[in-house]
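A, B, C and D are the chain letters, set down in written order, and residue numbers restart from 1 in every chain.
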Amino acid sequence: MAGSQYGTIFRISTWGESHGKALGVVIDGCPAGLPLKEQDFEDYMGRRRPNAGKFSTKRNEPDQVQILSGTFEGRTTGTPISLIIWNQDQRSHDYADLADKYRPGHADFGFDAKYGFRDYRGGGRSSGRETVGRVAAGALASKILKELGISFDTRATAIGGHPFKEAEPYLDQCRAEGDSCGSEVNCLIHGVPAGIGDPVFDKLDARLGQAIFSIGAVKSLDIGDGSLVSQAKGSENNDAFGLKNGRIAPLTNHAGGILGGISTGADIRLHVYFKPTPSISLRQDTVTKDGKETKISIHGRHDPVIGPRAAVVVESMAAITILDAMMINMTARLSSIKDFYR
Amino acid sequence: MAGSQYGTIFRISTWGESHGKALGVVIDGCPAGLPLKEQDFEDYMGRRRPNAGKFSTKRNEPDQVQILSGTFEGRTTGTPISLIIWNQDQRSHDYADLADKYRPGHADFGFDAKYGFRDYRGGGRSSGRETVGRVAAGALASKILKELGISFDTRATAIGGHPFKEAEPYLDQCRAEGDSCGSEVNCLIHGVPAGIGDPVFDKLDARLGQAIFSIGAVKSLDIGDGSLVSQAKGSENNDAFGLKNGRIAPLTNHAGGILGGISTGADIRLHVYFKPTPSISLRQDTVTKDGKETKISIHGRHDPVIGPRAAVVVESMAAITILDAMMINMTARLSSIKDFYR
Amino acid sequence: MAGSQYGTIFRISTWGESHGKALGVVIDGCPAGLPLKEQDFEDYMGRRRPNAGKFSTKRNEPDQVQILSGTFEGRTTGTPISLIIWNQDQRSHDYADLADKYRPGHADFGFDAKYGFRDYRGGGRSSGRETVGRVAAGALASKILKELGISFDTRATAIGGHPFKEAEPYLDQCRAEGDSCGSEVNCLIHGVPAGIGDPVFDKLDARLGQAIFSIGAVKSLDIGDGSLVSQAKGSENNDAFGLKNGRIAPLTNHAGGILGGISTGADIRLHVYFKPTPSISLRQDTVTKDGKETKISIHGRHDPVIGPRAAVVVESMAAITILDAMMINMTARLSSIKDFYR
Amino acid sequence: MAGSQYGTIFRISTWGESHGKALGVVIDGCPAGLPLKEQDFEDYMGRRRPNAGKFSTKRNEPDQVQILSGTFEGRTTGTPISLIIWNQDQRSHDYADLADKYRPGHADFGFDAKYGFRDYRGGGRSSGRETVGRVAAGALASKILKELGISFDTRATAIGGHPFKEAEPYLDQCRAEGDSCGSEVNCLIHGVPAGIGDPVFDKLDARLGQAIFSIGAVKSLDIGDGSLVSQAKGSENNDAFGLKNGRIAPLTNHAGGILGGISTGADIRLHVYFKPTPSISLRQDTVTKDGKETKISIHGRHDPVIGPRAAVVVESMAAITILDAMMINMTARLSSIKDFYR
């Protein structure tokens, strides 16, 4: 497989390019019996959608999710759920003059090195628009997790190093300069029971590591206290175990809810660092496909900052990862298998 | 699978517990024709091994790798390579009194929640000793990568926030206090050609994300400039493209050699943050399996810091990941397939 | 994953139900650079389509394949290729009265046992119509294989034990009786080079075994001489090696082109046995969902025999399997990897 | 992966060559809590072992299975179970003069075409001895299935077309002539509940197809009535549903317990056809590696017939396949997931 599939039991396959006919996702392994209608995707798709505010692009598509398969009489059947989002607003002429130049900070050069050529319209497959499929699948995973008592609190917390709520003047300045800026997203996951995740390569944090770094523009991930642990002592960083409401639990949560790759029942805490939007209108040095030095200025509809819209992508990837791990976990004990087949 | 397998084409399966009879790894998908002898593992295993210095545990086993299958007349045959490392120094009595108490910072509680019980001797499968299989496989991957012109420079760079070379007094103090401390490891990978990694979920950074976070005690990973990108502007963070020795290349390397999940040909830069060793002799609060509050002091042979010995584990996981991605990449173009079968 | 994905590198995900909005397939891992247009699917889809003749159903849809992603300027880009076939002729009222009865020979009972309920319209996901996605992917795989010098000769060879060309009176009788009959399909694959397939579980015949038995109604598969080998002596069954056009080759082909799971360069020969169409208008005993004994007569548009239209499904699954094995095979030797990255 | 791994959740990795130091298997995904000791493998290993009788080779090794990991205090822990079988009787000098000649009916030529060279001692990885790892894993799977109420009846039923019990004179003649003969194995699986297997590519019969055809020398597989269905009418072949002991069940079993890829609760019936042992002492035509025509006579310790010892290999592969499918099936319904995590 060439990288557009994710998950073991709850397994998604996304497809589509920025300026193609449509984008979508096929979800294999969704359990049967979940009530599902097209409106169930609206909240997540809305959070991903550019709003009228200062933080996002002017490209404004409804991004309505259409269910093509896998439900019957309003419930999932256990067969693959195919979701499609049609592209409506394709101004590929915006990009035509960029066909031969490698945009700094973008995958253009890598795609050409790998495949020999590329769909240069709006970044093609490596566009941020690729995430619509993830978010659609994430909405579904999240709906299931909600039935299992698991909830998310995911939000952009900083822009260019400024607390999110105070960042507007800084962002205005970036925009005025034709520049862009980095951002941070925090994701808090509440209600994951203890015991989720597998030792060694499929540790819950390892799977989350793949999931989060698979989102374009992510350059760093902290779990729990993150990079700060490297400056802590063991006596400070260890979370003592005790009793909470009569149940064994860590009394602090430096670990961010995961020890040895397995959830402890405490909140899972992820902190994600996004690079600045690479598309800027400031002139930059670059080369053409043929290796001639040139300049490039990228105009078009681009968010100057990625985090605010990407928060729901982080949440989606986390939801897919945790649901999959919870499904795999059901087979960990012989006694559970015997109970199921009794 | 329950998490002890990693890779798509070059695929490893590790097994073994800290105090079991042996540990090992089976490597499926290793190409045929590589000269391989047991001494080829010595360098990597030696880097993982505790040395006589101040930074590591007193448990000192030779950790000789024995080749059980997959070679003939000194070369790999393309069939699975089974490597075994026998445990020689098993003092399980050290751990017997910890059977009922959950060690803070360890996976004990998670294992019990998941499986109902656990091998409590020295951490069992979640011991740092689990990494011998990874390092043996990493030595093999690295040997192949060397033939492809790829080299690594991986080292511990900081201990408890102090530069590695100045950390000794701080470490002495930790040890004297019965405490431990965090650390940082930097991994620089030179020579990976442009075009490696797949878009979307198998981005090279996503695969590295899984690989690195699958190492016990890792709580944060930076790729390239890492978390700093969140405070940068696009004009600062973008790497302009230009010509180096007549070839197209990024002229700076904030991205750490990966854009859109695909290598650019520049050095790949990883920075890994390890938490302090959770086993400390200082008294800590915890509970027993049955939920009674108690105290715990962990004695035995433990490194007070993880990074120095874990550097080769980071390098191993990176090597396995990159080799696998390079093998997958060979099928990306129809013209390559036609050339191969001409 | 719940079974709707197939392949390792060239990997397909199919979706859709008989009476849903559409069916389709997402192909991940298709190499870049293949000229591809929607007409390329017509031949295969046409072979799957019911013709005006006596052998097939009266349901007659054009089954035009629409390409939604993965191509640019007429060539594949290496990113996922999403293909969709819209359902146009959905007479679900034909099936409404069968909602509560388990059709003999069908998966209805199994689906209910597994999922708790099912899409009963026309068999839902277990309808023969599910194969449109496979055939679309097969057309693509076959087009690539043709560029590699590999060709197929696949045809129905027998109907109800009668040679295909003489079967018409027998078939007329079945139809008149409201009955159906079994059939056989032969698939000859020419031009697969020696060395394809992997030892042990991914033997080329093992992968073909999964591929062919994954087609509904298949109950037996012969490779080469098939079941006859059980009555042969070694001296009869072994294919002597000799020289053909100066190249080493088996001089006979009892083995059907595969030895020890690896291709020999001789023609690969598959012979597939299909059960009779289970939907018949003759009255049959069955039970309702609630366990009441009842009778059932199945009317509607059903082929009385499966093989003639399924031949292209067999060819498609064989093509997908062989292409995938050929892609995996490119990494079998270190020298090939070194050549590629030189 | 290069083909030595099998299964999705219950996943095995086998390794080892006929004349290497040892062979073995690593089982990832075995549920925790199963009592397991080394004697548990004896029955299966004994059935695979050559006995003193007329039907098998004179190579007679105890093939004792040693458990290297994954158990603690006599029970499985959920971590990988590494099993090893040491080779004791390695007479590689028997094979030295065959290094340059391609044995008819063997994989020698294919291995050289694929890998460039091979371990020619006793067939190396493609030896029948490779199956010890499968049988060890099969013993474990079977022990779990027994706890779930599932049992097997697997036996050789025919030799050279003669009923097994009357085949001795025929076999004596083959042996006297320096020849070998084909055989048949029947496998009956009792107690698999309805609902096991996934639609489309992971149909239970598709997975069994891969599993059985992955066994060396298998050239044909029947499920249920097998190839006979191609001559049956629908009214004959369909199994009417009715009530058995108050439960819905097929009243006959032409289908062999599987409809649409999903188990019906009826006995699963497999019939497997093995080719004659390719190693015969009769002189055969062949060529050398360098393409020179020559003759070959293969002496050494070879069974003249494969089925009798391979029956337990068939049973092992079926057991691994069914257990894996049953584990996957536990996640098919949302209500089951909710029950588990309540």
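Basically, contacts are C-beta pairs under 8 Å (C-beta built on N, C-alpha and C of every residue); 3 or more make two chains touch, one makes a residue touch a chain.
Source: prediction; values computed, not measured.
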Relative to chain D, chain with the most remote C-alpha centre: A
Chain pair with the higher count of C-beta pairs in contact (C-D, B-C): C-D
Centre-to-centre distance between chain D and chain C (centres being mean Cα positions), rounded to whole Å: 25
Gap in Å, rounded to a whole number, between the CA centres of chain D and chain B: 36
Rounded Å distance, chain B centre to chain C centre (Cα mean): 43
Interface hub residues of chain D, defined as touching at least two other chains: 1-5, 8-9, 14, 29, 32-33, 78-79, 114-116, 125, 193, 199, 328, 332-333, 335
Chain B-touching residues of chain C, taken from the complex the two chains share: 8-9, 29, 31-34, 76, 78-79, 144, 147-149, 193, 199, 326-328, 330-338, 340-341
Chain D-facing residues of chain B, complex: 1-5, 7-9, 11, 13-17, 20-24, 26, 28-30, 32-33, 68-70, 72, 75, 77-82, 84, 114-119, 121, 124-125
Of all residues in chain B, those that touch chain A in their complex: 1-6, 8, 14, 102, 104-107, 109-111, 113-116, 125-126, 130, 158, 160-161, 174, 177, 179-184, 193-203, 205-214, 216, 218-227, 229-243, 246-248, 250-251, 255-256, 259-265, 273-280, 282, 284-287, 291, 293, 304, 307, 328-329, 332-333, 335
